[in-house]
Every structure is written in structure tokens, then in C-alpha cells.
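Two complexes, one shared chain (subunit A), two partners (subunit B, subunit C).
Let's turn to the complex of A and B:
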């Protein structure tokens, strides 16, 4: 496969489109929740305004902070950017498509979490340590599911790169439904299982209800927020934007499992972009729906939920090894 | 005319420890301890112990010099009162297990200055460090402390919570409150009863009607003032309206704290409507200034009565839905049940009152135990639950909203005719004193008021339910994880300002 300047340009367009859309998705979920409760709700573009405001604010660091606090926000932010460089959200040839190994994606997420928790402990506040330990409690429990999800996709399609994986599924599905060619690549069960499993992991990793409450001001109940309580100014802005990017990463992968449709040439891009945004909006509504109808769980009930996710991904793995 | 039946006893300080023990054995519980600087009368300090029980309130008064016998060992609830007396009067409770300063902080207050003594000259000691406050430490491997407050995220009042944790489970919680001591008791001295009314209403704003009722019970008893039936009815209606809006808000916050904003927001909307009703009735959303010495400040005409009637029916309907919501949702029950359990024994030892006592199976409701106004006309039964957890406290609030609704409903269209306030002369017997009590949404509010020889206040002592209940949270969190603390705290919903007046 030869890459040309067109791939580069559309790859860049795809990358910036996702990054620019990320705060919108987070804001949209927030707005939906508020409207459902009968509140007027925030401006749907509020998170862009917040980010802009935070960039202008002064950074205040604890006197106990080391260089870790200086670099961690950037590492966290860049980790998510790297993942977004790899994801074929609506265009098949993403910028880092050739090196979009699924294991790399999973552990770039872990790298970001690692540095965020280092940041939390580096500032020497008691909440930071508490938040870091809770964050790892969740991450350790959701990591096996995440790995199993990616590995079963890889086994199922016999591809290693995420761009190839979803292109393979897309082709298989197109052949099956449009041309009537009965393909082995078409299976409802595996994507269905993986989707539910990833949805649960996504809820837990993105600090949503019922695992964590992103809107709370109560430090003692926080998971994600407790890690960045001490952050201010640009650092806080990067962490916040990072969390929107992380949400977008999970939603995008879910959208690809749900209905893979990637443009392979310039003419398909408008349609693919529209399909992508539609899928994302549907997923946002789904997440908002879950957050509206459920209360936050007890902390030690969360492993039950995550073990459901693990079992589903395990079943998907077994199915994909057997070659459905 | 004594409205509350108070049996007065005079006792020697040394003998009182034994009598306190006997009293507890006989089922009485400590309502409060009030000290007064009576050196101008009989060159001694007076300490009055108030014990409540089913046949009224017993008062035991002891005359002391500079120290008195602590009863904390037989009656743990006395601990806080004795520390308070030690701080504000400088009287030493002998044998007290924990004499750290309570409200006068050694970090900035000279501990030899005692503001409630009559010879205190109203000067504030120089702002500097006079000593240190020692917290209790839990030692061991992997045990760490989490300090919360006194400045919190969110618009609430200051309170310091110090957790010793082993991972998530709480090993010990120590609270330190009294960050904004206002000295209301001292400021009230020398004011006449009506002037003090405004201060009393600001002790804890969201319970101001019930607290004011308690104050007026004491004052009107000192003044020998009988208010009209109509005024009594209106006071009860207001008191129950206040109870309803408080409980609606409390239940809403329980939902908020388990991250379930959908039902919470609908209850907040209901609270807003109740507060708008308050405003349309009395001109103030928190019902401030509705009561006065000798009656009430406003009348209820038929349109207002109709508005109240519509509102309480609406409340009942919404709360029924909310109740079904809690009972039918396993995820909600999972958060509430077995969380923040306060044992019956603990509740008894700490002399809890209000919702916190009733949720732990103690039938304590001042409306029934020491009836005031017209509460003896209703055949009230204390709403009781045994489990003592967050669920019990939430469920009780919901139950009691129905009770309050019924009380208001009974009164609305049977209002007797008459004046709403009677004129009175501000003249009293010299150094006459009286007690008043009422049931606020948080529990028993107890006033001890003593007049001087001029119709002014000589000594005013108020005991807020929050002052009694705050220590119990230290026991309620044991065996829970720290992430559930905000929920436990919200289920007790105690006042900081009432605690620290």
C-alpha cells in the first residue's frame, strides 16, 4: 500500500475534527442530563469556553511538587492525542494507522492514567493519594476486559492494527449485506458482546455514573476528580480536555464496533463524517440515559459490574478463537 | 404559669454524680446543662442539669465555686456541655476525660479569658498563638489521615473532619467544629425579650420558626403571657410548614449524594415552591420575622389558607411518588441500607434527639414528650424505625412529612377567631427563669432564659439539637468506607451555626 499526500491531508483533517469535537460530546452528554432533570442546562459549547478560560489562568503548584507535576499534564494529554492519531474514526487511513497496534492503544491509556495518578500523589494532598488508589483500583479491574476486547477483535479479524481490524469488519459486513456474499467475518454475537463489555469499561474509565459522579463537589466520593483536585490553570485545562479526549476515544471505538463505516477515498468522506457524528450522538444519548436512570454505586460494588464486562469479553474471545 | 412541667431539685455538687447515674437508670436522659454566672446574686455560679423523660423535665441545680464534679463518666452526653462550660465560664469539671478547648481556640484565644462571666469586659485578647490543640492519633502501618475542611468545596459552613483510614475503611473520625463562634448568648444579655428575638431567629436560619417557638415558650412563661388560640394555631401551622420544607430538602440531598440527580431535582423544585409559599404567606422565604412576643406578626386569610391546602396536597402527592421510587429501586436501597448505622445504645448514651434518635429506635419527640402550644390536641405517636442507618433516617423524614401534612390539614379550616397578638408589659419578677422547648426538624430545641430585675435578659442558654447530635457522627461512620461519609453526614443533616452560636 502506497501512501500519498492525500492520505496525509485527510488524516490531518480527521485528527483535528475529532479533537475539536471532543468537548462537544462531553458538553452534549451534560446538557442532555440536565434537560432530562428539568434544568435549563449549560451552554452546549461551555467546555470550550472553560478550556479557553483555564488556559489564561495562573498555575498554582504546591511547594512539595516536583518536576512530575510540571510534565504530567502534558504526558496525559499527549497520550490521548497519540491514540486519536491512530483511530480511523471516519477515514480509513489515520495518520498513525500503520502503527495502530491494539496493545499500544490499550497501554497508551494506561500511561495516561499512570501519570495522572503520579501527579495526584506528587502534590502531597491526602485526597490525591486517595484518588490515585481508587483510580488504580478501577483501572486494574478494567484492564483485563480492555485487553480481551482488543485481542478478540484481533483474533477474530486476524489483523493487528485497529485500522485494519475495522476495515476488515466493514468489508465483511458490506459483502454480506450488500452483495449477499456469505462471509465468515459477519457475526452479530462478537461485536454485540464486545460493545456491551466496552460500554461498561468506558463508563468506569470515564468516571461516569454509576461508577463515579463527574459532577460532584464532594472530594471524599471522587475517583477521577480527586486526582486533579490540586490542578489549576493550564494544567487543569489539559486534564479536563484530556478527559474529553479519553471519552471520545472510547466512544469512537464503540462507534466502530457498532457500525464500522470508514471512507476509503475523498468522495466518501462527507457521508462517513455524517455517519460518524450520528453514531457518536447516539452513543452520547445512551451514556446520558444510563447516567440519568441510575444512582452511583457503592465503591466496593464496582468490581461486580466490571467482572460482568470481563466475562462478556472473555466469551467474545472464546467465540473469536473458535472462529465464528 | 409554667407551661412545661419542670420539677426543680437543688443538689450538692458532689452528690450529683450518683443521682445522674440513678436518673439514667430510671429512663431519663440529659437534655442539657446550663451554667450561669450568678455571683452577683449569691456569689456562686449556678449549674443546671435538665433531664427529660416521659413525665416532664427535671431540673437539678447546683451552686458551685470554681469547679464542679463531672458527670461525663456516667453520662457521656454531658461531655460536650462540660467542655463548653470550662471554656466559656472557666469552671473546671473535675474528673472530665477530655478537657481540650471546645470553642475558644488556643491558636488565637487566651484560655484565661472566659466570655460568659459577668466580669468579662468585652475585649478580645490579642490575636496570637496561646497553645495547641492535640488531635487523637491512630498509629500503625499503612494508616493515614485525611483532613477535610474547615473550608469545603461547596457553599456550606465550616467544620473540620479528621479521618484515620486504612485504605477505604474509616478507623476513626474526629470532628472539630466551632470555627465561627458568634457569642449570641453573650450578646443577648442585657437586651429585652423582643430585641433578642431577632438574634434567636438567626441561630440556625432554616429552623428559625421552631427555635423561636422554643424561645417564646420560655419568654412568655417568664412574662406570664397567655397568647390567643388563633396565634397558637398559626404558630403550629408555620412550624409544620417549616418541618415539611426542611424534610423535602433533606430527602432531595440524600438523592443528590448518591449521584441520583433526577429525583433530587424534582424535590428541589418542590422545595422552591414551598419557599415561594412561605414568601407569599409571611414575606420571607425562610419565614423570618413571622413570630413575635405575644403572638404572630401576620394573619391567615381564606386565600392564604387555600394556598397552603393546595400546596400540602401537592407535597403529599409528590412525596408518595418519591417514596415509591426509593422502595422500588434496589440500587437506591443498596446505597442507603446499613450505611451509617448508629446503634440504639450509642443513641441513648449520647442523648440524641429528633430524627437521629427515632431512626435508632428511641421514641423522642418533644411534641409528644413535652407538649407545647396545641400539640397535646393531636393524638401523635412518635414515628419509629429501629435500624439507625441512612435508610431509616430518610424513611422517617418521608413518614413525618405525612404527619405534618395531617396536622396542618386538621388546623387549616378550624382556625379559631381572635387576635393574632396580645399586648404585654415588659415586667417580670426579678431573676425569674423558665425553660422552653420545641421539636425542630433536627430535634429538640431547648431554651433556658433568666430575666434580671429590669425585664431584660440576665442569662440565655440555648441548646441546639445539632450540638447534641454532632458527636454521634463519629460513631456512625465506624465500619463504613470514607466514600460514604458525605451520605451519612447528609442523612443527619446537622446545623453548624446552631451548634456554634
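Let's turn to the complex of A and C:
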């Protein structure tokens, strides 16, 4: 891939667009859930207002807090930002596309988890330890399926970089469905299985309802919220924004598996952006739907759900080995 | 006072001697002779040679032992009363360096044995029941290993009738490889031969554990590389698959057991088993690819192996040194009694954190780099379409990713419980910042971790010489060219420098944005505890609690027994005390080693009753009989 200044500019535009859209998607899901329950619901842009307000508030640090409390919010936020730098959403050439290896993305997610759980344990609060323990419990179970999903994509397309992977699927799909040329065998089963698998992992990693319920403050239901219970001010703002970014990362990958369409040149960008937002809204509706119809699960039932996801990604991986 | 000073002299002298001789060997290996050096004595010839592999290992051993020696100049203070520690550790380091350059079988075995004996003396150094038991187990296991290695060498000798390594090239058949690799795996602590490792590493003094865990287990890897890639004659792809599976099992089970530990050093020892497993996986893939002639997979797997040896050596030795400092300044290694050390030992905690990030493979540090190359070679072996390898590499990917996540959990537990939160006991409250020399000893490997993590291209281009020596090819060390694993098409790229720059740049932007557009007010207040003003620091989450949910899901790996004792006849919520005991058993130990021990004792008892007698004639008869049996074996089998 040869990069020129145009790729750089549109890569930057893509990066900031996703960052700016992230709280909107989270707010949209929240609004949908509340409307479905018959509540009036928040403003769709409420999370932007919250973030702005949190920045203006003072930070309350614990007496027992160490340097971890000062740096962890930044590192968690920044590791999601770096993933967004690699991820193509509606433009093929993301800024860090040259080094956007799928395993690197999976491990960068683990880096964020690592620092968030250290933050949780920093203040010596029993809630923090509980949250950290449960967060790792989920991560240990969902990491294999996440890596399997990414590696089956890599094996399916024979590409290791996430930009190339989705460009390959996009080209293959366009050839097959628009021109009728089935040059590189296009599979429907593999993306479908991977989508379901990634949906389950996404729900568990993003603290969504069958696994976790971040709206309550009851310790029985807390995963994500227990980790950041002590955070306040801009630290809380960074953690909250980080969770929107994480949700957006998962939704974007899902949207690309579902319907890969990325702009290759400048003229396609407006259409690609519209398609991207439409796809994301559909996915948001899907997630809100799942959250509305399902009750919160017992903690030790979650492994069953995640093993379903692992099995699906294993099947997808076996399907994607087609003889080389 | 005068006498005390005199005692310190051993410490200074032998640590400086270690540093100087390690530096001497490094310089010698870089600029020195390339030919074989033979020292003749009356009955045995010692033969030494620097080839690319020895060069790599000599530099590796010397540099890490230099860091550890710098560290023990100050850390060794508390061992001044018994200065044999410093003498043994000097000879221990020297025997390993000479082992790496020895070029014939007898020299190799002599220094291998010296290494084992000095490490055994160091394991039992502190005395006491625990270390004697661990020392005995270590002695037994390591000698079983030595027997197998010797058997491998004897078979090689019978085949080539030469002692020199030069004539062994391409001579080792499958039996020789099997014997030698089993022997070396015992030293490397690969499951199911790992039982000695979690006992022997924690009981030794911390600087010795750092040498044993950071360097000594890698000498077994040296032996395996020598046998598999230099001596081996037949391409045996299934051997590679066996190594891959054993490695994956060790990686997973090692880190799963590490998660269950309370003792910091025991946790680190189990993590050594995990990392040896990862190295074994790389060796297995590389050997398999060599046998099946997939060149680039072979090179990348070998690069992963060599890089992981360096990375594990650096981070594990720094972590063991750190655990030694925790032990020295708090007098306990039990993490349930620690907590809040980060406030008292601020710099140590930063160094420890980086070591932990490196060992649990967090990008952009070096641990991730070697694991990434391993993933790439695993994906590559899926691409080959070879039936067995596809099957086993998918399993290996699953186990490796699971162990990667579990490593994150285990080391979060280690750091979170030990360094963060409130001090749980008086031990932790009275900790102070360690001495500057001790911190420097830890800081050098930690900085090297960061350096290799961010800018590995220099070291990869140097490692190419070793990869060329072992496999006959090299990898591309250009920072911005993608790796090609099977076809001519570029597959993927992880450019650590780019990622590190991106991380730093984004971090700076976020930091200054928030500096400008957010409030900087700060208030220090108590941690929220549901409105209670309880000061009980035991109310924090414990290490056992942290890992219990993961252990519950993977309970089939542990055969743990837990029990709660409390007073009877008291109402449920008003017990004055309750005692919780938990015992975590190693499944291999419980289901293989202990039954084997019982069986052995039973058989020997029966044998004892049947044949032993007090009559000396009978004993002489046995002696005569065994001599005849030896003759028969010699005449009919060996000749």
C-alpha cells in the first residue's frame, strides 16, 4: 500500500468522525431501551453533555490511590483510540492501516482491560476487587473466541491486516453479487457465523444486559461499573467515553462483517459514511432489542453463552480452511 | 564491626568477579576466536567453540547475570553470614556460560552436571524442611533428566564413535532425539515433568531464583535446539507436533496454576512453566516446518523462540529480583499479607508494573512481539493445509489465546493484591524504598524490555545470524515490510515502533486537550465503603477471591480442596471466627507422581523382603550375577 497525503487526511477525518459518533450510538441504544420500557428517555445526545459536565467537575482521589489512578484512565482511553486508528469504518485506508494486525487489536483490548482492572484495585475498595475479578473472568472466557474470530477472518481472506481483510471481502462480494463473477469463493456461512459469535462476545465485553447491567449499582450485577466506581471527574469521563469507543469498535467490526462497504476514493466517502451510519443504527437496534427481551444472567451461566460463541467461531474457522 | 565488613568482602568480590567474567566472555564471544579451542589434560580433553547459537546464549547468559550480580551486590547483604551463596552462584553462572560454548559431549555433560549441582546447592542453601524437600525433588528430577541426556549422547557416540559435536551433525536418529528431548524437558519444566520447578524456584534466594528461572531453564532449550536443528538426521514431523502439543498444554496449565498461588515467587515459577511452554510451541512448529519444508514458517517460529527466550529472561529475572526485594523489606512472600506497597516502594512498583506488562504480552512491550510471531507462525501452519498440523495448530491457537488472557488475570492479581490497595498487615506497612543499587539491577532489564518492545529491528537483524545457523534462512528485519508467511503475498505487519509512536502521540494529545479544557481541581478523600467508616484493611478483596471465579470455571484443572471451619451452635451471622483453608493440588502430581511414588515404595518393599538377606555370601552372589548380566548385555546387545 502506498500512502499519500489524501489517505492521511481522510484517515484523520475517519478517525475523528468515529470518535465523535461513539457517544451517539451508546445514547441511541439507551434511548431505544428506555422507550421500549415505556419511559420518556434521555436526550439522544445526553452522553455528550455528560462527558462535558464530567470534564468540568473536580476529581476526588482516594487516600489510598497511587500513580495507577492517575495514569490508568488515560491508558484505557488511549488504547481504544489506537484501535480506532487501525480500524477502517467507511474509508479503506485507516491511519494505522499498515500495521493493523488483528491479533494486535485483540491484545490492545486486553491492555485496556489490564489497566482498568488495576485502576479498580488501586483504592483498596472491595467493590473494585470484585469488579476486577469478574472483568478478568469474562476476558479469559471471551479472549479465545475473539482471537478465533479474528484469525478465522485472516484465514478466510488470507490477509492479516484488518483493512485488507474487509477490503478483500468487499471486493469478493461485489464481484459475486454485482458482476456475477465468483472469482474468490465467497462464503455466506463464515461471515454469518462470525457475526453471531462476535455479537455474543461484544455483548459480554461491553457490559450489556444478559451479562452485565451497568445501569444498576447493585454489587450482584456489577461488572464494568464496579471497576470504575471510584472514578470521578475527568477520570470517570475518560472511562465512560472509553466504553463508548469500545462499543463502537465492536459494532464497527460487526458492521463490516455484515456488509463490508468502504470508500476506496474520495468520491465514495459520502455514500460510505451514510451506509456506515445506517448499518450502525441497525446494529444498535439489534443490541437494544436483545437487551430488552433478555433478563440478566447468573454469573456462572455466562461461560455457557461464551462457549456457544467459541464453538461458532471454531466452526467458522474450520469452514474457512479451504485448502491452499 | 570489623568482622562484619570482612564478611561483606565475599559478596563484593564474587559479584564483581561474576560481572567481570561475564563481561569477559561477552567480549571474547564477539571479538574472540572463531576456531575450536581444545584444552588437553591428562585424561580428558575439553573442547570449546563459538558458533552462532553459543554466541547468542553466551551473550544472553552474561548480560542477564551481569544485571543479577549488580542487584545482588546490595541484595546479598542478608546472606553475609553464610557467604557460600556468592561462591556457588559465581560457579553456577560460569558453568552455564562454559556449557554454552562446549563443543564435545564430555565437556557438555561435565558442565551440565556442574550446573545442576551448583543449582542444587543453592536450592538447599537456606536450609529448613521445605528447601530440603524441594532440593531432593530437584536433585532427583534433574538427574533423571541427565541420565536420559547421557543416554542420548552415548547412542550418538556409538553411532559416530566420536566425542566432538562437529561429527554429530545430522547423526541423531529418532530414538536419540526422543531420549535427549525428554531429558532436556525435565530441566525446562515442561508438563508433565514440571513438578520440581514450582518447589525449587521459590525456596532459593531471590537472586538465585532469578538466575534459575531467567537463565538456567533456557539451557535446556539450548540443548533441544542443538539436538533438533543441528544433530537431527531424520525429518520427523510428528516430533514437532508432539512438542507443540506439550508446549501448549504447559502454557495453559502453567498459567492456570500460577493464578491459584498466594506465594509471589511460586506464581512466578508457574509462569516460567507457561513461558517455557510458549517456547516449546515455537520449537515444535519450527521443527515441523523444517521437516515438511515450509521455509518461512520455520524462520518465523525460530525467531519467536529466540525472541521469547530473551524476553522471558529479561522480564522474569526482573520480576524475581523484585519479589526478592518485597521479601527483604516486608519479610513475607504471601501476597495476602501485603498490599499498598506502591506507596512505600514507588519506583520499584513502576519497574515491576513494566515487567508484568511485558510478561503478560501487553503491546507495545516485548512480550507481545514474540507472541505475535508465534501467532503468525501458527496461522501460517494452518495455511499449509497439512491435515495434522491444521488440527493441532487450531488447538494450539485456542490454548495460546486462553493462556494469554489468563496471564493477564494472574499478573493483575499479583500486582493488584501486592502493590495496590491498603496494607493488609504490619509487614506491608513498614516497607521502605529499596536501595538504589537494587533498583538499578532491576531497571536495566526493564529498560531493555521497553527497548526491544519498541525498537526490535536491531535485535532481529542480529538474531538472523542464529536463525541462519539453525535453519539456513533469515527473516526480514525491515521495520515497514510486511511478513510473508506462505505465499508471495504480504500477509500482515506489526510495526511496534509505529504503534508506540501512535500511543505516545495520542496520549499527549488527550493529555493536553484535557489540560486545556477540563477542570484540574483535585480532592483527596476516603474510599467509598457504602457509608461505613470501617478501617479494616482485611475488608479488601483477597487474592484467593480474585482468582476464585476463573478457578471455578476451570475447576477440572485443579483438584482443589477447600474447607470452612467455624464454631458450631452459634447463630449464622455472629460467629466470632471462621477458618478457611484451601489446598490446590497439581493434577499431574496428584494422579501421576504420588501414585508412582507409592507404587515404587511398595515394589521396593516386596523386593527387599524377597531378596535381601544379612548373609554376605548372598550379597556377593548378587554382585557376581549382575556382573554376568552386564557381560551378556555387552556381548549380545552392544557389540
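The rule is short, and it goes like this: the second predicted complex is superposed on the first by the 318 of 324 C-alpha atoms of A that agree within 3 Å, B and C clash if a C-alpha of one lies under 4 Å from a C-alpha of the other, contacts with A are read in each partner's own complex, and residues count from 1 in each chain.
As a working rule, contacts are C-beta pairs under 8 Å (C-beta built on N, C-alpha and C of every residue); 3 or more make two chains touch, one makes a residue touch a chain.
Predicted, not measured: the structure shown is a model, and the values here were computed from it.
By the touch criterion defined above, A:192 lies against neither subunit B nor subunit C after alignment on the C-alpha atoms of chain A. Of the two partner chains, subunit C is the only one that A:230 touches; subunit B does not reach it. By the document's definition of touching, of the two partners only subunit B reaches A:210; subunit C does not.
Of the two partner chains placed by superposition, A:51 touches none, neither subunit B nor subunit C. Between subunit B and subunit C, C touches the greater number of residues of subunit A. In the superposed model, A:38 lies in contact with subunit B only, and not with subunit C.
Using the contact criterion defined above for the overlaid structures, shared-chain residue A:133 touches subunit B and also reaches subunit C. In the superposed pair of complexes, A:294 makes contact with subunit B only, with no contact to subunit C.
According to the touch criterion, the shared surface of subunit A, contacted by subunit B in one complex and subunit C in the other, consists of residues 126, 129-130, 133, 299-300. The touching residues of subunit B, when paired with subunit A in their complex, are 144-148, 153-154, 165, 167-168, 255, 257-262, 264-266, 269, 329, 331-332, 334-335, 481-486.
Considering their complex, residues 55-64, 66-68, 74-75, 77-79, 81-82, 85, 95-96, 98-99, 101-104, 106-108, 110-111, 113-114, 117-118, 120-126, 128-130, 132-134, 136-137, 139-141, 143-144, 146-148, 151, 154-155, 158-161, 229-230, 233-234, 237-238, 299-300, 303, 310, 314, 317-318, 321, 323-324 of subunit A touch subunit C. Across the complex, subunit A is touched by residues 339-340, 342-343, 346, 349-350, 353, 357, 360-363, 368, 371-372, 375-376, 379, 382-385, 390, 394, 397-398, 401-402, 404-406, 408-409, 412, 415-417, 419-422, 480, 482-483, 486-487, 489, 491-495, 498-499, 502-503, 506-507, 510-511, 514, 517-519, 521-529, 537, 539-542, 545-550, 552-553 of subunit C. Considering their complex, residues 33, 36-39, 126-127, 129-130, 133, 209-210, 213, 215-221, 292-301 of subunit A touch subunit B.
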